[in-house]
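Here come two complexes built around chain A, the first alongside chain B, the second alongside chain C.
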Partner chain A sequence: MSLSASQSRAGLALIAPASVLALLFLIAPLSSIFVLAFTDYQLGDRSLRFVGLGNFRALAGDSTFWKSLSNTLIYSAVVVPGSMLLGLVSALLIDAGTSLRSFYRTAFFLPVMASLLAMAVVWEFMLHPSFGIVNATMKALGFAPHNWLKDGGIALYVLAIIGIWQSFGFNMVLFMAGLSAIPRDLYDAAEMDGTPNAWARFKLITWPLLAPVTIFVAVTSVIRSFQVFDTVHALTQGGPNKATEVLLYTIYAEGFEFFRSGHAAAITIVFIMLVVGVSLLRFVSLKKNGASA
Partner chain B sequence: MTARSFATSAFRHAALLSIATFALLPFAVMVSTSIKPANEIFSDTVRWWPQKPAIIENYSEAFSAAPLLLYLVNGVVVTAAIFFLQVLVALPAAYALAKLRFFGRHVAFGFVLFCLLIPYQAIAVPLFILLYYVGLLDSYSALVLPFIISVFGIFLMRQFFMGVPDDLVDAARMDGMSELSIVWRVMLPAAVPALTAFGVFSVVAHWNDYFWPLVAVSSDSYFTPPLGIMAFRNAEAGNDFGPLMAAATIIVAPLLALFLLAQRRFIEGIAFTGIK
Partner chain C sequence: MAGVNIRSVAKTFGETQVLKGVDLDIRDGEFISLVGPSGCGKSTLLRIIAGLEQQSDGNILLDGTVVDRMRPRDRDLAMVFQSYALYPHLTVAENIAVPLLMRRLNTTERSLVGGLLPSGRAKREEIAEEVAKVCDALSISMLKDRKPAALSGGQRQRVALARAMVRKPSAFLMDEPLSNLDAKMRVQARGEIAALHRQLGSTFIYVTHDQAEAMTMSDRIAVMMGGEILQVDTPDQIYQMPQDLRVAEFIGSPKINVLQAAMSENGALSLTSIDTASNPVHAAFRPEAARLAGEVEAPLGGTIHHIENLGADLFVQVTTVNGDLVIVRCDPAGIRPAIGDKVGIRLDETRLHVFGSDNRRIAGAFRLEGGR
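== the complex of A and B ==
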């Protein structure tokens, strides 16, 4: 009795600092997003006025918002499969042999570690229309050079390639952790049972056993791709002509350049719903697979 | 048989080398350009090693054109302060959630799980307004304060503490230790692997973070490395790529050097924090 009472007091005391800070820096801001979204508040205003669904109605008719949402989804639809496939192929290839394993692993992981901002500046130079190595290579191979970041038709895909470059090593590490958990003797058994073909073994053993990791990687990749911002801000500022406008960039511009906090909050709610929606999908799929988080 | 395995191995290396080229090309371009004089950068022939290296010129130009050292020091101060405070706040909470029975424990843990879903950029607007009203924008506090509560850290450490045997805690209680000193003198030493993993996660995230510093500070005396490189690029009105690439190299080098020295730790840390 006295033990449990003292434990109860100690427990509350130990979580108190974290709780106060969480209240201040997580709960209060999160709740105020849901309040702000229904007001016309602009930073510096002395008062705010509730406008009901006004901000959302404005969003529905705002072509920039729709462009931003669809660009985010397109970016994600390129980066997620691209970085997952490249990550998985890298993991399988590294795992298939014994030589140079750590060299490849380190090389593929470097982009994950490097400041994306600094590397975005390097990519910008590589994509430079006149002095960039990309156009030099295009010319050498007999293709026409491009102004990669200024061409509205391709700029978003160029950013997506940088996104793949930056994130596939992260996925590779997760896939390698997943591969190392698959018992070796399963492969031996399959071989003895007459499944000599590597692709058949992959389909029979690797792919199904890797499923929980694959789902996890997919969800993480989707969420990270929704958060694309650095390359957009550094290289295109959402341009040319909104071709690379993405959700976080729109939130940034509305909230911190135009200080239209209410409007930014409404877009933020859409962003939160997307991210939380994808995360919840993961919990559903985990339940179905019976795997543990 | 050996011919076949040789072919397999050759294919493996060919494929991996082409992926490695993709992964490493920007680093090679960065370093190579950082040591080239301007006339070789603008020449048509692609040359990886310059005919007349301009290492000293470019790097000294980079250091004199912008306070790069200050940016690096800011980066170290901010990431170290964030990690230290995160541990200070998260460890007691994680211990309580893992090992103590108290009223509201399940609610508190449910709350941690819920907050894990919210990316911080989603609450940046209200955080900015909060700091604006308390007059803390454009300061070290603005860079550090919002991150000292890490629900991810609490979650990760709680999962780890769940695996620490109860006997260890009970023995410490028998010795008359308070719950708080159990956190620091029993749990902390036991949690070094998890703490390292969390440290890697936290330091990499905050060293490279761009969104929040961009919002929170405007004076260049508070710039962190990513803001610094942007300021450098925007200040170089012309196409002064040699010093710019030198600056990028300087900004990227510390974390990459740390990574190369302890790559096993880093990769395991990221895998650990990713999988859990």
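== the complex of A and C ==
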């Protein structure tokens, strides 16, 4: 089908605002990051010099970067399954219950809406080694108190738990939407067909029919967990001794504390590659599902 | 094989009473239809029999045993749903196998490693054989590896039927299984389900809002309205001897003609001078119990308003002098009336039904007064 000249002019005029905005706020910054990653630019410098792959070579030998990358992956490996499982279980419980559904939904979704930075302050109080409620509870129950955020062995996991608390409500809402799309009749049919218990019904109907939602939740959870920054910045600043150094925090520190913009841009490229890689996984799995259905 | 006894079953949802104490005895091997307009409680009653819904009061007996507290799994019934409720992610064969897998395999055998256990494998092979047999019986073998999304409505309906049949349950519950089919398929499926019933000899409880389905397939029909059963009888009796005006109006197409009438002490009915009536009643007659006649001598007269020609029958709609609409069946081979003709209507008095103001049938022979 060919368009008349006036139609194509109108089309161009209609996509122009969006294209200009995308160019200005998405493509331009992204390309400048790509350019910067190959220079020795420092924030405030008047000149820059291309160094080729120099920044990436430096990264390869930089223990902070590797620590940061592995911390991010560990954080992700805890938060993603944790927040997905908790989100699914709470969605199933709310879906099965009859009363107070909207209350639970709102309550569990609250951390998602709240400013994580403000919430981090609350967590800091709760985790305070001497007067925090967490240690008080531990003591009352007869366990040894911990210096939660200053102990290099557990600080990252404490942040991961805060991450789960913060993000499972979002997954819950997505799972609930997925659950509401499953026809009730199927559960009646399964009941007639003799499924012995709720677990069998879950395996027969809920889990397979939630698969597309689960894939979506997994991918968004991974990407969101890669983006952890607020809690690190507010609670640990990457410490103690880089135990909670994560990619986004390293980028921030390199770029805005040490002003090594080229270096920061190189880490950003690695970060973008990770996110794009995960998104591609989702794309591939969606295509596979689409082909088989 | 099982008879089903329903003993004063009531159901309330909050304030609304959906079933008002229903009694019904369904004989072993019988094909019974629960028919009524939407919202009459027929589906709720079926779901209570199935165990998917708990009655507020009363008992359900299967084969003489009270099953009120029994889960659907333990009642040995199978159900075909209006939506068919096929598992969309499973193939046809897998769908049909589910009832057998769920009952014969234990948790370990059903799990992923279950396929490796010799006991699980033997059972699975046995199940696959039975599934194949049922598929053959319903001639859906060529669909076995398809997903429900790739099936037509009629094919889905057969798969749903196969899933119900495969376990050889003692009774089949069917919740409007044909309402999603087109008119042609529905007639064909009607015949197939009736044939299936004759072949299996099991009890069929069939819920429908379509009186034609109920009439054509059932041994007996239970007409439900407003949470009550109005009449349980054979299709012939329901059609020819409706015990309630609402039954008469619901069964039959086109609808039975209902006119206000005045009944005098001696049983004479007047269809015209109803204003002065001491005892107002409803007189009802089916289109085939009336015929067109000359204008003068008939007890009822009017103007032809519309003619529906169905080929085999002509249904002539006459607006009477009182403004009522009366439908008269005519033989298309005879003299064709024309729209606008002034005609009289003669009635076969032996096929005249009279209902009191409480909608109940008034028994007896009636004589129509001619005068106009």
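Following the convention adopted for this analysis, the second predicted complex is superposed on the first by the 286 of 293 C-alpha atoms of A that agree within 3 Å, B and C clash if a C-alpha of one lies under 4 Å from a C-alpha of the other, contacts with A are read in each partner's own complex, and residues count from 1 in each chain.
FYI, contacts are C-beta pairs under 8 Å (C-beta built on N, C-alpha and C of every residue); 3 or more make two chains touch, one makes a residue touch a chain.
These numbers come from a predicted model, not from an experiment.
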Which of chain B and chain C A:148 touches, first, second, both or neither: neither
Touching partner for A:229 - first (chain B), second (chain C), both, neither: first
Contacts of A:157 with chain B and chain C, given as first, second, both or neither: neither
First, second, both or neither for A:204, with chain B first and chain C second: second
Partner chain(s) touched by A:38 [first = chain B, second = chain C, both, neither]: neither
Residue contacts on chain A - larger count, chain B or chain C: B
Partner chain(s) touched by A:8 [first = chain B, second = chain C, both, neither]: first
Residues of chain A contacting chain B in one complex and chain C in the other: 293
Residue numbers on chain B that touch chain A, as the complex places them: 8-9, 12-13, 15-16, 19-20, 22-27, 29-30, 33, 41-42, 44, 46, 89-90, 92-93, 95-97, 100-105, 108, 111, 115, 117-119, 121-130, 132, 145-146, 148-149, 151, 154, 178-180, 183, 204, 207-208, 210-211, 214-215, 225-227, 229-230, 233, 239, 241, 244-245, 248, 251-252, 255-256, 259-260, 263, 266-267, 270-271, 274-276
Residue ranges of chain A in contact with chain B within the complex: 4, 7-15, 17-19, 21-22, 25-26, 28-30, 32-33, 36, 43, 86, 89-90, 93-94, 96-97, 99-100, 102-119, 121-123, 125-126, 131, 133, 136, 165, 168-170, 173-174, 176-177, 213, 216, 220, 223, 227, 229-230, 233-234, 248, 251-252, 255-256, 261, 264-265, 268, 271-272, 275-276, 279-280, 293
Complex contact set, residues of chain A against chain C: 183, 185-186, 188-196, 200, 204-205, 208-209, 211, 293
Chain A-facing residues of chain C, complex: 47, 50-52, 71-73, 77-79, 81-83, 85-89, 98-99, 102-103, 107, 110, 147, 149, 163, 167
